[in-house]
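Okay, so chain A shows up in both of these, paired with chain B first and chain C after.
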Partner chain A sequence: MKHEIRDEKDATIVALEGDVDLQSSPDARKVLLECVGRKRPVLVDLSAVGYIDSSGVASLVESLQTAKRSGNTLVLVAVSEGAMRVLQLARLDKVFTICDTVEDGLKQVQ
Partner chain B sequence: MAEDKNTEQPAQGPDKAQDKAPGKVIEVDNLVTHYGEREILKGVTLDVRENEIMVIMGGSGSGKSTLLRHLMALEMHTSGTMKILGQDIEKLTAMEMFHLRKKLGVAFQSGALFSSMTVGENIMLPLYEHTDLDPTTREIMARMKLEVVSLAGFENLMPAELSGGMVKRAAFARAIIMDPKILFCDEPSAGLDPVVASALDDLILDMRAAMGMTIVVVTHELESAFKIADRLTILDKGHILMIGTVDEVRKSKNERVQNLLNRMPEDDTIDPDEYLGRLTGEEIGGDATL
Partner chain C sequence: MGKRQSFSVSDASMPAGGEAGQAGQQVYDHLELLAAMGKDFASSGDIEASLKCAVEHITEYLDAEGGALFLLDDKGETLRCHACVGPTEITGLTLKCDQGIVGRCVQNEIGEIVRNVTKDAGFHAGIDEQTGYTTRSILCAPMSVKDERIGAIELINKRGGDGLFEESDLHLLQAMSASAALAIHNARQAEALVEQERIARELELAAEIQRSLLPEAGADDFPVAGVNHAARTVSGDFYDFFPLDDGRICFTLGDVSGKGMNAALMMAKTASLYRCLGKTVRQPGRLMARINAEICETTTRGMFVTMVGGIYDPSTGIVRFANAGHEPPLFHDAEGDFHALPAEAPPLGISPTLVDGLEFPETELKLDGGVLYIFTDGVTEGYLEDGRELKVGGLKRLIRENAALNVKGKLNAVIDCVDRGDAALRDDLTLLAIDDAVPLDLRTSGKTVAVEKTPQDPIAAAEEEEILLSLTVPSQADLLKLIRNAVSETARFCGCDKDVCRDIVIAVDEACQNVIRHAYGGSPNGEIGLEIIRRSDALVFLLRDFAESIDVSSVKPRDLDDIKPGGLGTHFMREVMDDVQFMPPPAAGGNLLRMIKKLPKGPDNET
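Entry: the complex of A and B
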């Protein structure tokens, strides 16, 4: 898994790429927790994620909770169909704010 | 597969799974197994395709539980070959087998939860065994799986405090905690009331859809089998009688398949010589003693 972090005017965008699984999710978790700790809204771009397993989703959940505790925001954008099914199965689609595109996500956090 | 005059192997049917030409995640060729000198599986050949729900059915003593244990790589066969996720299990080293097993989830008939551990600890057990994930990640994963099986908030209870249906669901949660490529379920509906059994069937279908798993289910519950199966394997006395879709099995003209579907007792006609041999122990080795 690779990741890219870029700062836009209103948010930090974390773009994950590849598979987020048992091997790579600890790295994803570290990156996400670092970003939500910056006290800026975080958009997690999942458009280039081929597969995300439960450990990856758990890292997203922990990051969301950490962000909320500190009054920050975390938004998921461009969630793939497969990842969405996993989120829906655990009813997490009701927990996360999910936007179709990065642009929509930026509008959401403005 | 051993030739059997009653065996039906339908030509490639029009089911959706075949249209997509999915890969085979389990390939069994002419599998023979013994317990002692008794031959249990007598040349079983079948494959299970990616993202398929394969239901294995058969009467008591048909060999279905034995077949399941072999598919789960828990027992070694006498002859034949078996590949799981493309790996010939006879050729795997202990370490390769360890890694393969991480990709397999098993929901045992009894639940097989450890009575001295909480539900949450039971569910996280494979994560402790196979991963170095952060404890917070493990706990969130366990709670997610409990949510999936409708046991949210039960993580701190002991197994003894759960009903039979809850134990089965907790066993499912543990079986899927590692997001297995293949999930094996042994009699998931056995002993459950129809409403709970139906909910478990829905859960199996949902997990396949959401997680892309291949699922192998052993059951003798016809209603459940017809609801969840893409294909069924019908076993009888260690032979495969038939492999086919629900529709193909329903329409089968094989008498023994129809007897199974109609819950007809097995024909009790006996071969006098074979029976005599069984009683005197000659059938299993001549001088066998009890």
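Entry: the complex of A and C
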């Protein structure tokens, strides 16, 4: 799994790429929590995530909870088909704010 | 020994006899009193109240200041006052069985007139000292029926006249005592009879519950059958068999030491434990160890259970069982030879630590058309018509002679020889047989051996199976991608569309993760075996590990309302697959998970 973090005017955008599975989810968790810790809205770009498993989903949930606790927001953007299926299976598609594109996400957090 | 009718008068100054001229009226009163007392005892359900009433009548009739009725206890060691009238209340007072004049009277079974108690060494002055009452004279008559001593009636201080009891008083008291004794005896017998009937009813109820613990007989071609004849109402033996959801049959037969109600209760406990645990613990050795631990924890000292428990697979003819100190089962193979299979472990309930490790040793046996007989010693030690014991030799003979019958017929042939219904059984008879003949025929003719439709299993035994993929990889997280790709390709190969492929990958990936994280605790040194089997209508995924067996009941899908990280994997598996089940693993141990995904119908099937 690879990742890329860039800071926009209104949010930190973190893009994950590849498979977020048992092997890589500890890295994903570290990256996500680090972004949430910046006290700015976080957009998680999942467009390039081919596969995400329960441990990856758990990292997302933990990051969302951490953000909410500190009054911060975390939005999932451009969720790939594979990742969306897993979120649906976990019934988390209603828990996360999900936007189709990065632009929509930025509007959401303004 | 006949009943002694003699009596003694302890004070020589009193002339005996001379009362022959009693008025006829007195005799009439006396008879009437006896009749009234007898009626009272017979009609009253309360023996203590009747005794009190009798003592009152007698005391009044013989014009004494006080009267008391003493009864011997069950052991004949103490005399207890059950009823009393007069100036001092001594109901409940106990004396040693030979203490005082009443004690002497009971022991000698001789009635006495003691005109001056101060001259009698046997007089027990303790009561007078306690009550302040002065006893001058005593009239005492024993109560007994046949050779059974029951007690005595004692009267104190004659009112009126010279204050002395007459010999005629003693005659009268003896007659009334005899009448009271008979009444007490009868009342006690009636009470015992009622109690016996109550116990018999309770036993019959217990026996009914026990019978309900035995399994219902299967169809005539069901390969396992059992029979149990109790020597008494309740039995210390048991047997059970029930099909597992994968078509295998779990069976057991056991014998609790002893034959009474305690053995019956122990039987109920052991049989229930087996039926309950046997549905989840599917390794006989491990199952027996669990039951042993449970029994040891709560057993009554000195009780134990010998037991055989195992699993029979009709689709292969293989039986795997553990034997805890039970009679060696007999295997009658298809060639007609017998093999005894002796126990390799002690009975259950002896010690939780007698068996090395966590399991009882298992025996594996391929029946190959043969029959396995498991039985209690009540069968081999049962008496034949000529009075000889059946013994193992006789059992073998009966088995051989009736080999052509179906499994129920085989069992009945043996039981009928030992329990002919003409005499009480020496011991409980219990016999269980696993007959592989019918399943073997089905196997060799290529037919499916379907023992029982399995309601939990959405896809019952399919006809054709094809192994598509079989791989074994180390339990490393970085190899999961490899497994995902292999699974995805296999699913695609079977015609699954993109979404179904993705779902299957999720379920298998999560199952593998569980193995790595939970079964192996994150260690990369374990092995994961994955097999994908194609059936006509489904894909079957078998995931095997070689770790400690996990407690299946602890593997639950998470509660989705509870949003927190972790614990989702099992939910994904159940959500995606049509069936997810932990299976009994092969003898080598570990865990086996089976997931089934129904295949979409091909274009040929769609109309």
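Convention: the second predicted complex is superposed on the first by the 110 of 110 C-alpha atoms of A that agree within 3 Å, B and C clash if a C-alpha of one lies under 4 Å from a C-alpha of the other, contacts with A are read in each partner's own complex, and residues count from 1 in each chain.
Here is the rule we use: a contact is a pair of C-beta atoms (placed from the backbone, for glycine too) under 8 Å apart; a residue touches a chain by one contact, two chains touch by 3 or more.
In this text, all values refer to a predicted model and were calculated from it rather than measured experimentally.
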Side-by-side fit of chain B and chain C on chain A, or clash: clash
One more residue to check, A:D104. First (chain B), second (chain C), both or neither? neither
Tell me the contact category for A:D19 with respect to chain B and chain C: first, second, both or neither. second
Thinking of the overlay built on chain A, is A:G82 touched by chain B (first), by chain C (second), by both, or by neither? both
After the superposition on A, what does A:D53 contact: first (chain B), second (chain C), both or neither? both
Is A:V95 touching the first partner chain B, the second partner chain C, both, or neither of them? second
The shared contact residues of chain A with chain B and chain C are 21-22, 53-55, 57-59, 61-62, 82, 85-86, 89-92
Residue ranges of chain B in contact with chain A within the complex: 130-134, 136-138, 140-141, 144-145, 147-148, 177-179, 206-207, 209-212
Over in the complex, which chain A residues touch chain B? Could you list them? 21-22, 25-26, 29, 53-55, 57-59, 61-62, 82, 85-86, 88-92
In the complex, the residues of chain A that touch chain C are 19, 21-23, 51, 53-55, 57-59, 61-62, 65, 81-82, 85-86, 89-92, 95
Residue numbers on chain C that touch chain A, as the complex places them: 477-478, 480-481, 484, 499, 502-503, 505-506, 509-510, 513, 516-517, 560, 563-569, 571-572, 575-576
